[in-house]
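The letters A, B, C, D and E name the chains in turn, as written, and every chain counts its residues from 1.
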Amino acid sequence: MSSPLANPQLPPGGRSVTPPSTEVIALPRTLDTSKPGLFHLLLKDRFATAAAIVLVLVGLTALVGPTLMGDLATQQNLSATNRPPFSLAEGWQFILGSDSLGRSMLARLVVATQTTLSVALPAVGISLVIGSLWGVWAGFHRGWRETISMRIADVIMSFPSLLLAVVVLYVFSPSAANIVLILALTRIPIYLRTARAESAELQSRTFVDAARTFGTKPAAIIRRHVIPVVLPTLLTLATLEFCYVMLAESSLSFLGIGIQPPDVSWGLMVAQGRQYLQTAWWLSLFPGLAIVITTVAANVLAAWLRIATDPAQRWRLTLKHKRKRFIARMPVKEVA
Amino acid sequence: MSTITQTVSESTVRAENKLVLDVDGLVVEIRTPKGTLRAVNDVSFQAFSGRTIALLGESGCGKSMTAKAIAGLLDPVADVAGGEVRLNGTDLARLKPKERRKFAGPELGIVFQDALTALNPVYTVGTQLGEAFRIHHGLSAKAAKVKAVELMRRVGIPEPESRVDSYPHQFSGGMRQRVLIAMAVALNPRLLIADEPTTALDVTVQAQIMALLRDLRTETHMAVVLITHDLALVAEEADTVAVMYAGKVVETGPVREVFARPHHPYTRGLLDSVPANIGRGEDLKSIAGSPPELHNIPVGCVYQSRCPLVQDICRAVSPPLEPAGDDRAVACHFSKELDNV
Amino acid sequence: MWTFLRRRIISSAIPLIVVIVGVFALARLTGNPASLYLPLNATEQMREDFTARNGFDDPLLVQMANYFGGVLRLDFGVSLRTGEPAGEMVLRAFPATLQLAGVTMLLAVVLAVIVGSWAALKPNGIVDRISSFASMAAASIPDFWLAIMGIWVFAITLGWVPTSGVSSPTSWLLPIAVLLMRPFGVLVQIVRGAMVTSLSEPYIKLARSKGASEVRVVSRHALRNAAAPALTVAGDLAVGLINGAVVVESIFGWPGIGKLMIDSILQRDFAVLQAAVLLTAISIFALNILIDLGYAMLDARVRPTTRARKRRVTPAAAQERKLNVQPTR
Amino acid sequence: AVANSEPSTGTTSADLVRIVLPQEPPTLEPCEANLTSTGVVVRSNITEPLVERNPTTGDLDPLLATEWEATGDTEWTFTLRDDVTFSDGTPFNAEAAAFAIDRAVNSDLGCNVEGYVFGDNDLVVTAVDETTLTVSTVTPDPILPLRLSFVEIVPPSTDTAAKVREPVGTGPYKVKQWDAGTKLTLERNDDYWGDAPAYAEAEYQWRAEGTVRAAMITSGEADLAMGLGADDGAGDLGLDYPNNETVALRLTAEIAPLNDIRVRQAINYAIDKQGITDSLYQGAHIPAAQLVPEGIVGHNPDLKPWEFDVAKASALVAEAKADGVPVDEKITIVARNAQFPKVSEMSQILQEQLTQAGLNVELKMVDTSAHLQYQLRPFVTNEGPIALLIQHGNQAGDAAFSVEQYMTTTGAQSVYGTPEFDTRLTDASVLTGDDRESAYQDIFEYQNEEIVQFAFIAHQTGVIGKAAAVDYTPNSSSGDELRLAEITPVS
Amino acid sequence: MSEALLDVRELTKNFHVPGAKGNNTLCALDKINLYVNRGETLGLVGESGCGKSTLARTLLMLETPDSGSVRFDGVDPFGLKSRELLAWRRRVQMVFQDPFASLNARMTAGEIVSEPWATHRDLYPTKAARQARLSELFTLVGLRPSDAGKSPQEFSGGQRQRIGIARALALNPDVIVLDEPVSALDLSVQAQVLNLLNDLQQRLGVAYIFISHDLSVVRHVADRVAVMYLGRIVETGTAEEVFDRPSHPYTAALMSASPHLDVTATAPRQRIILEGEMPSPLDPPSGCRFRTRCWKAQDICATLAPEPRAALDNPEHISECHFPIEPTRDEPEQLAHAS
């Protein structure tokens, strides 16, 4: 502090001449709205945007694909089997090659989208709903309800799900609905455990106590205060499970107890294509890629969504890259 | 404002009190979704050995940010965007992380605001206390533990030999706060920053902790920066005070004088809000409104929206922190008029 | 600790019995195995003999009682398929699975800790993005596809490892690599999340304030705290490996319990199935207990009811608190 | 002569031949050696029968018996070798042979051979002297020696109360070690009465995936891989061989609309047999017109596969429909997962092609156990009309084995028959020589014209992967009994 | 005393702490006696963990007491069944300490304040009535009715606490238990909230149980004060009595320990700095609970628990101590500072 007046931060002309410009920091005026819209936020994140586009495409495919290409997907042509992909010689529908029965890979992939989703989504949905509600209920009430629920979860977790699959699929009938049932049943504990833990923690929160002081019934408290809070966590979990369920379905197909032909799912396509790995790699690669891309997209979007819907974390998304060090160290006046 | 700090320094340098910390024009910026905002805006103050300076202000005014900036422990979203932090002449803000780490501990100790959660739950208190010695003096685990016991005794933890292997959760809040203070003073730093060291504690424990801090200060002659929002605590513990508002220092000076005769309407408002001075049933004089949001600080004086003396100039020109009598400085266009209100 | 162990073991017993009873009942639902084990043109008499010999004509409850009686005498019945004692078959297969699962989990944890921590140092940074993508993709590749691909590339084309079997140390590489994918992928996400949380905890600042180097901060302070959630998830994943490495075991000819279980399901070899389920269920329960013990070792807190007075919770502080409890991904 | 750079596992030496099977033998019980999974290891390697069918010529060759003749209407007499001992040192004699036959056919063990080859009737087996054995049946049985070729001879020390896992026999090999789950090793039986086989040891492993078995051949980890499919990737190392298996749809001809013969004929017309063999099996399979392939006594070389004619099929269906047959009724094709390579693809083709003919067809893939419910009596009757995809292998070489099972009204696997047909079948079964041959040929023709319980698809060809280092020529029985003695190193 | 609005007698509450070694019964409330009259404010002070919140929660029936009685307007709420209980719930409400944790962040301010009416449907049966009352409440606590659509995050701490108060007022209660309502707030905001509470009491005649550890605040708001230590009420009396002439050493120590904004004092204040900390409630000291930290403790304190005793000059000023401070003789200097 030998020469305090030589403070480099003071404008040369003295502070009375120019009002210090350090007060207002240049704010991006375009961002004035207090809540940047979700969509707007999405567009700012390239990865999340790409993921969303992928998922929308997958969804659309599942919706309209079968009506557009349903016939094509079952049309066999025993004289044109295992045609390699990326050739238009056989027509556009064989751009991804043909399968071992001469069916268009493209069409089958498209049709399989619907089956795959119609297994994975309900399976995830059912286990999500049952597991979450049950877990929330058990965690909220604690005590014996919690203990018994957790023991039931233990039982399901250590139960061989394959046996269940065999029983349901052979004793009852091997339908997509039954696969959904098995997958849903065996994944319930995942949600049950998470929901229970969160709900047990929530039930001791002050705002829940507050609701109790009005005489609010437990069911109403769960509905109003617990479920909205645990939902984001459970939804994130559900996207991870989405991947798991697709893989489990393909493993079932591998063992011959999954989706049954002539229905077709990505998992089944990979499973059946595996024996052609050396002669016709495209039979298993494309559906495998479809699984990978969809789950990665779902997870990227879920991670993003979770941050985006959490008021406490939202800021992470809007950050630009860290400024370079030299800018950060610039004297104040130059910043303004 | 540098002039002021100098005047302060001249008057306090008197005895053996040396300038330890010199914060000069510190600016801290935080990157947020709504743009970059300044949590600390041109803050300057100094700390002298053997003395306590209090940073006083309401929640969110930037006290902790200032402390963290000094200690080089800002969150990833925050950056020091300007100013200097000289600790015994070295500008900490310009050091590389590696060099800077050499200062952390031997030169500068810090006690954090969220003291009760600051201890690592998975290590014993002894391990954590000894860590500084292991890092800076390269002691063995065994030797560090001996030092840890010593430290615990020094901060008044009973039966240190048996408690050195306890985990933080086995300690009460007051004990944990002692451990944290012990950690901060382990290597006899020249500067101790105590960020709300007693806010989470009971008054009886607070009294114990403040007594401990006073003793340590006398013993090692370190400079103390005490961060708090408690006027009474400042009145009892600090020598000088810097009152902060919305990232700026609005008034500095010796505690006694500032509290007896505040020059800034905000300081005045704070003093008036203290309930102890008003009888049962009477209304307290509260400051209307609330501090400006940092991303929306108006042009001109930061206090304009709540100030009873506000005039047009306040909405246009930000008052600089200017000397106002002995050792004091204030950032107000109308500090002179305050006494007449 | 012994009381804890005792309590846990007792409280695991009932679920264990439920599992076995469930398996028992479900298995019986899959039909009489007579036609599988009798000649194609077996007479009605032969069927009846077979059924009676194996006790399948008793009421379910009687069968169950007999079974549990046997289990208490450590008699798990005889395999219909091989005629061997089911207990022996299962005990023979189990170590193979355990070794595979053990090595896989160990590697998965080590790799995930390294990658996850690295990613957590700069959330949303380039390393984070890449590792996030890669781990997610790794976790979503169908394992059998990967297995056959692996055989094709590494065993046939490159000739580095044997295609399958357990004959040499190198034959471990492919099965482990394939099995590794999902645990690794999931764990990276978890470790990363926990590390992001852990790195934003106040004790990290405290460690830094003592001048601790970045390596020390990450490895000693953050990691140990991040270990708990990772441990829980690793436990769940290990359960999956113990219970369900069916696909990989059957492709690589790994003589493990998963393969044995699926074979015994498809072959209606009830005694073996029940013994296998019993053993895996016991080991899963044991694993859970171990994890709880590990949890306690990692973290000395017994979750005490220390409740500091919450004074002056600022919006920023509230925000920070929230950040700390939620891993980002 | 090593095709591939050797990985660290194993070596191809004249000392060891390595074989990879699709599955681990459940046991090595000789009385179940007619099961493929057991027999492929046991038969003619560990144990031997009295007589042996030559898979190439179809004739019976002497083995442990040197001669045999019918010594009465219902009695056969066998002359046995006198220079044979079991691998455990006990001598082989008529006593032992009688014991083994008794154990397999007359005991309560529930041996698979018993049901598969002998039916309900017990045999009377008498050891006349050391080397003479008589076997009598209740009714005349012209093919008794052929049947006995399925009975593996074990020493009297063999357990009679339970099936054995590791048997003793007279074969060129004996069990050395069985690491259950991992591998099975046989070693040369140095006391073998015949020529010593080339390899000192044989090592069996098992892999469920065809691609993996093929990969083990290409990577040099195995010398022979059994049960491959055309696309499993064995490439040039894959050897095709006719494996006596025939694939067909078995139609529940008593349930509408399959009860109308026009519909059953339509199904036969609708299937593109050539297309299937060409596209799925690269032309290696042969479109089938009857239940048994060439080389089996009773095969009718004049029968031609039903021609593939969708128009005709549709016309027949339409005709039936016009007569009030409920052709819209759902017909379920039931097939067994992994029963043979590309079973799933074939099922899908069948479904598609039957649909083209105007039928309402569904596909149901099931596991072995469930498949057996459809395959064997008592049949599943509550699921409407069923077209069961069957794979029938006649290991014995005589059509009798096939028609008894599949065509008589009461046959264990037959869902339809007529009294006239039954009479023909019974009559044929007691004939011998050319009469027998032509009787069965007529029977196959008759089934195609009057009965049409089946829609034949193809006679299959098996693929064995064979490393370049070994010499082996597969034959029609290779899949059921892989004779190690026939494997030799490439010199 | 019989006409007291709320009368608590011998209220005891134990917690079972499963993990604890040895004794696992934690006595959080030990034979609490207190009463509140209509329209008055009872201040409750004490250190962290002494049982203040437990008392509040028990009064709100969030915990069930182990023994003792609570009478509210003559009825024991713990004996009530559904409908009557619901009616009772209306009359006692609570404002929580933490204005951030006590409001569900996913609801709007309006939803939060009107939440009680979802259970008490008959109170304001029509939507219009609820809407009107909502605006009224918002105005009453000094918020704009237009703020109803905002979510809690958009409010400052003081405003949030106002929302909490409005929610407590929604059912028109007779008593509001305020559990440290201002300790999370800044000084200037604290003043606003205290003013609001004062104003509401004067207008609505509602009684408060005001829990705080900040003596200056309690002194400002309370008519009567109860001082708690380790689950017991060690001293009660009117605010002036207790603050000006504390009789229990603990009360004196508390007051001495809190810092003072006294810029005129020249020398540092003499203080009673208590040794150590509050003992664990799992293992309370024998006899007088305060004896381990008391500078006046003697042998008798360890053996005999002191009985509540009224001060000589004032029967309403009761304390539990064998050696109460006599204002005339004891530590005159400290008390001077403490006042």
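To be clear about the criterion, a contact is a pair of C-beta atoms (placed from the backbone, for glycine too) under 8 Å apart; a residue touches a chain by one contact, two chains touch by 3 or more.
Owing to the predicted nature of the structure, the values given are computational and were not obtained by experimental measurement.
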Longest centre-to-centre distance from chain E, chain (CA-based): D
Furthest chain, CA centroid comparison against chain B: D
Distance between the centres, which are taken as Cα means, of chain D and chain C, whole angstrom: 41
Gap in Å, rounded to a whole number, between the CA centres of chain B and chain A: 45
Separation of chain A from chain D, taking each centre as the mean of its C-alpha atoms, in whole Å: 50
Averaged-CA centre spacing for the pair chain E and chain B, given as whole angstrom: 31
Where chain C touches two or more other chains, by residue: 30-31, 148, 152, 266, 302, 304, 308-312, 314-315
Junction residues of chain B - those touching two or more other chains: 59, 172-173, 201-202, 229
Where chain E touches two or more other chains at once, by residue number: 48, 97-98, 101, 153, 156-157, 186, 213
Residues of chain A touching chain C in the complex: 47, 151-152, 154-155, 157-164, 166-167, 170-171, 190, 240, 243, 246-247, 250-251, 254-255, 267, 270-271, 274, 277-278, 284, 288, 291-292, 295-296, 299-300, 303, 306-307, 310, 312-313, 316, 319
Contact set on chain C toward chain A in their complex: 11-12, 14-15, 18-19, 22-23, 26-27, 29-31, 123-124, 129, 132-133, 136-137, 139-145, 148-149, 152, 182, 186, 189, 236, 239, 243-244, 246-247, 261-262, 265-266, 273, 276-277, 280-281, 284-285, 288, 319, 322-323, 326, 328-329
Contact footprint of chain B on chain C as seen in their complex: 200-203, 205-214, 216, 221, 224-225, 298-302, 304, 306, 308-312, 314-317
Touching residues on chain A, where the partner in the complex is chain E: 205-207, 209-217, 220, 224-225, 228-229, 311
Complex contacts: residues of chain E adjacent to chain B: 47-48, 156-159, 186-192, 194-195, 198-199, 213-217, 219-223, 239, 253-254, 256-264, 268-269, 271, 273-274, 276-277
